[in-house]
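Heads up, the next two complexes both have subunit A, just with different partners, subunit B and then subunit C.
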Partner chain A sequence: MRQRSLIAITAALSAGALTLTACGSRDSDDKGSDSGGTTVTIGIDAPLTGDLSALGLGIKNSVDLAAKTANKQKYVDGVTFKIEALDDQAQPSSGQQNATKLVADKSVLGVVGPLNSSVAESMQKVFDDAKLVEVSPANTNPALTQGTDWANSKKRVYNSYFRTATTDAIQGPFAAQYLINDAKKKKVFVIDDKKTYGAGLAGTFTEEFKKLGGTVAGTEHINPDSKDFSAIATKVKNSGADVVYYGGEYPQAGPLSKQIKAAGAKIPVVGGDGIYSADFIKLAGATATGDLATSVGAPVEELASAKEFVANYKTEGYKEAYEAYGGYSYDSAWAIIEAVKKVVDDNDGKLPDDARAKVTAAMQNVSFDGVTGKVSFDEFGDATNKQLTVYAVENGAWKPVKSGTYSG
Partner chain B sequence: MNELPQQLVNGLLLGSMYGLVAIGYTMVYGIVQLINFAHGEIFMTGAFGALSVYLWVLPNGTTMWIALPLMLIGAILVAVLVAIGAERFAYRPLRGAPRLAPLITAIGLSLALQQAVWAWYPEATSARTFPQIEGGPFHLGDVTIQTGDIFLLAAAPISMAVLAYFVMKTRTGRGMQATAQDPDTAKLMGVNTDRIIVIAFALGAVFAAIGGVAYGLKYGQIDYRMGFILGLKAFTAAVLGGIGNIYGAMIGGVVLGIAETLATAYIADIPGMDKFGSQSWADVWAFVLLILVLLFRPQGLLGERVADRA
Partner chain C sequence: MSGVGPVEPGEGTHAWDAPDAGRTTAAGVGPTGPADAVDAVDAVAPTPAARLFHGLVRHRGAHRRAVSAALAAAFLLAGGGYLWATRPHEAQQAAPAPPFPSQVVDVSYLGEAAVPPDAPPRTFAFDMVLGVESGPPVTVTRLTQPYAGLSLTSAPRAPFRTKAGSVRKVVITMRVTECGKVPKNAGLPFLDVTLRNARAIQAHSFILGSRYAHDLSEAVQVACSNESGHHQNT
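For the complex of A and B:
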């Protein structure tokens, strides 16, 4: 009897724990109202909880704004858009589960996301098999569109995958050019987190930095689960480097920058769009001043085309900021809306039975003036807009320093 | 510049933190043979307890010299309450049950505590910044020590000394030793073993809370998952030092911390090993060390009893 009650208690406790975990991973919105006609769902996959949730929630809100705007304008006749946001916690395995779930929902005609390149890798095939179009506002790994051998021979892998963000093949070299030509740095210490995004970025950066005559004082790979980078900070200090390049994301970059400065190396830490977040400055503390980040596109605040987006975002009263990818997320969602519109218009105002395949095909030729400028895709599914901007930390905020495009 | 002294200090600091948390694992194991996998989360709740005191009890802008002792008290209160609660409601009903039952309960409790902080602590879904002690770093020759690390450097040996005194010299401490050796006989001799077990959990929580505050001061941020990996490392440290031995926990922690730091710093310089030298490999080398130690000394560095009652 006692045994049995013990088993019951254990089971109840474990079940309780599991339920709590599950609570964290469910965060779907059912805001769309069915006001007649067809309802089309735009799926969202992004980290809505955890370290990267600041970026993920910005993506979710921006897509929500796009759907609401389309509904308000009755942009596609007879079609109401709603969103379904799933949390991937930046984990490839969760991403794949979410992809399967979105594919199973017949009303989903396009998906915005994910944030992480490593998550995208696990989702691409699921979407491609279902011919469901996926537009990422944030993935920057070149291999996602141009194949693993992208440096030598580009080859498109999945026809259903598009992105509005530019790639690390451009972002890394752009940072290298800025550091050599504008910031006059010569000796770099390169650190990455061994993830698809971070390692890819560090690789393309290092190549260009060497080509431009810079030297690499040392390389290091961090363990993303750790918060103790003191051993690495000491190495950086003793290497005599005048700048640190970090391929990775802000949850590690913040403490890393802080500990490098604390170890006595007063040199800037430079990263990609993964560290371009207000949370980086929060985590890195006061010594972050002078740290640099490159991010895709021109600063949303400075684009005339983005004024409306920024104003509408404010009007809707979202709790979280749109962060680095807000404009790209809005454009990604709008690209899906444009593609749906084209398909509906071609089919006498109704959704055809093979809507998913048709939307995917229509996506290739989508072209419109979006928040971040002209939105269209090349033969690999990459954005044709290849603008980048260098930002620097100043008085506790990111300030744009230089915008430009990288050319070979 | 010679970087070895600095790296040793880095390792010592990291290891002291492992050691503070490892004491909780080793004491509870020594007395009830339970691996309390939720101990890492007790460390985490302690850190959040300290932050709560700073945010909501103290007036804004209180200097750290006044705030720190009060935060420490807050951390210890929260951690001890959580630990005693865990013992009373999760482990005591399972005493005498097959070993796997409390082990699984501990893992469930660990997840539940993480998610509870995630769900109910304000803005804890991402990392929260922890108040810092003002003042520049200190230089001793080639070695730089951060202001926040001074706390850890002082707290670890002091707590260790207090614990040793408590266990060796006080009546309750001797009761703990007796219960560890043989709970049934200890009971016959008039030792209140239930009370001793609660005290073991509470003491472990006190050290975890001190470790939690040290973590916040050292890294400037705490999050709901901070206890998971650190708890695993601390458990490893306890095994390395000889589980059940409180000095072993501290020594195991320091050895593990220094091993990880030196592996990060130097393995890449060995010719042909540059692929295996970065921090992402440090854990591998730490566990290689653990396996080597256990091969030659299965009871751990300071362990005496060889799985006597397992």
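For the complex of A and C:
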């Protein structure tokens, strides 16, 4: 009996060993680390710590997923992709240091990031001087691609800068149109955080709101380092505004919304993609119901390609959510992968000596069906796919209420 | 390297080495069980034939066990293979759902259009093109614009259906009904279009860009100027 048991155990273990062998082979392919050839690094710059880390870690994980997917598919023959993620803590000075560090690493042929437009301003020249391509999944300030006088005369400043997110030149007016035409709001109190993104977005919103016949009941600027907005909340209450527009990000927008409601102004707080985060709802509390945010892109559930991304993200077991920019980050990384592929294919399967310049040049003509739809870039480096969605807080979560497509 | 990793030996699963004088055991822990018994006989076998006999006995026993183990393993693998081969395939079971209509429809602004001479005052028209990229046919069930002082009709009139891979020209005719309720210089005006296909019904805004914004503003300003009262774009 004992012998039979031993035989059975032996057989089972043998079968198990063979099964494990098969799994082991597949794991090896997944990592793509043993395929040999050239290793290309995709740099990442985002806030990986601090108040905005939820968005930053979603960016990092999504780029990691794109690199793993390319390696698994052996998408670029002879090239294995890896990532190098640096933390900018949402600070322009840190972003510039990171840009210098990524430029110094010759294996880096493209960078995804940053999150903040103010950080991007500090990085663009560093990358452009090195002809190192940068694709931001989240920057929305129009000046980054179209120059500081973009409203009157568009002029591209940096040929190495691209983005997959649409701009505040569309996002601000889109919010204004929704508030006037759909939500029937007429009197807005505008607040911003004085930063490149927040002030810019508040500006494009306000201009369109007034053009549509709305009035501005008051304007204020907050200190992003503060969490006490009670004085501003009182001003909002006394202004008689029927809506608040906030140009800024969720770490401040959440407490601001909470304190405005606590002051007695039961009116919605509206913002851009910078407040479209689950963390906004956590910070704003139960009174956030009815608050609104516009964000770039169509709702994930409308995009078949996004579903695959969501499923693969889950399979990889990332601890943090992909958040607002996950799909755009994946597409940004994949745009770099496509550009590298083009350069390698055009050079007999090898990377040329001037790979960075060639990858930057190839980026202009990249076109593929990505997570967020068709990915390609116009003459300024802006995404040609310009979709936006208005979300409302309902039952403790963001729910899409209206989407639009820019086709101008 | 795809090498098979060593299977950790369980009780009684150590390899049974051939007896030889030089055989050693690690840390003094010798093998136990039947191998010891055979080795013991072998060690005392007086003749080569006897050693051969014992060798055969040992070989047969080992061979039988090996064959049994291999058969069991083969059986397990065959069973596993069958289960693997017959596992449910999601892709085979469910065809991909059609795309949402807003993801396959594109509306673009072409330019100003002429209005009929008998059109009411303060009327102007624009040419649009609507295309359906893929998926099932899409029906436009409603086409409107958001301003209270402006009415809109379209040709063809909604509802109209467009198949995938085709485009159709749509003429939008607008009439200012109340100048005070139309913005004179909206930056990004849009059309609200309700789309229906086999997947969903969606209300979607198409933001037609700065050229449309300019032409619309100009038309509204002309329509609402003091001299106005007649149609534009003739």
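By definition in this document, the second predicted complex is superposed on the first by the 371 of 408 C-alpha atoms of A that agree within 3 Å, B and C clash if a C-alpha of one lies under 4 Å from a C-alpha of the other, contacts with A are read in each partner's own complex, and residues count from 1 in each chain.
Everything that follows uses one rule, which is that a contact is a pair of C-beta atoms (placed from the backbone, for glycine too) under 8 Å apart; a residue touches a chain by one contact, two chains touch by 3 or more.
These numbers come from a predicted model, not from an experiment.
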Query: What is the contact status of A:222 with respect to subunit B (first) and subunit C (second): first, second, both, or neither?
result: first
Query: Where does A:395 make contact in the superposed view: on subunit B (first), on subunit C (second), on both, or on neither?
result: neither
- prompt: Does the superposition put A:50 against subunit B (first), subunit C (second), both, or neither?
  reply: first
- prompt: First (subunit B), second (subunit C), both or neither: which does A:73 touch?
  reply: neither
- prompt: Which holds for A:152: it touches subunit B only (first), subunit C only (second), both, or neither?
  reply: neither
Message: Looking at A:302, would you say it contacts subunit B, subunit C, both, or neither? Reply first, second, both or neither.
response: second
Which of subunit B and subunit C A:213 touches, first, second, both or neither: second
Field: On subunit A, positions contacted by subunit B and by subunit C
entry: 3, 6-7, 9-10, 13-14, 16-18, 20-21, 24
Query: What does subunit C use to touch subunit A in their complex?
result: 2-5, 7, 10-13, 34, 65, 68-73, 75-77, 80, 96-97, 99-100, 102-103, 106-109, 146-147, 183-190, 202-213
Residues of subunit A defined as touching subunit B within the complex: 3, 6-7, 9-10, 13-14, 16-18, 20-21, 23-24, 49-51, 53-54, 194, 219-223, 225-232, 234-235, 237-238, 251, 254-255, 258, 262-264, 279, 282-283, 285
- request: Name, in rising order, each residue of subunit B that touches subunit A in their complex.
  value: 1, 3, 6-7, 10-11, 13-14, 90, 93-94, 97, 101, 104-105, 107-112, 115-116, 118-119, 125-127, 129, 132, 137, 144, 146, 219-221, 223, 226, 229, 260-262, 264-265, 268, 278-283
Partner subunit C, residues of subunit A touching it in the complex: 2-3, 6-21, 24-25, 28, 170, 173-174, 177, 180-182, 207-208, 211-213, 298, 302-304, 373, 386, 402-408
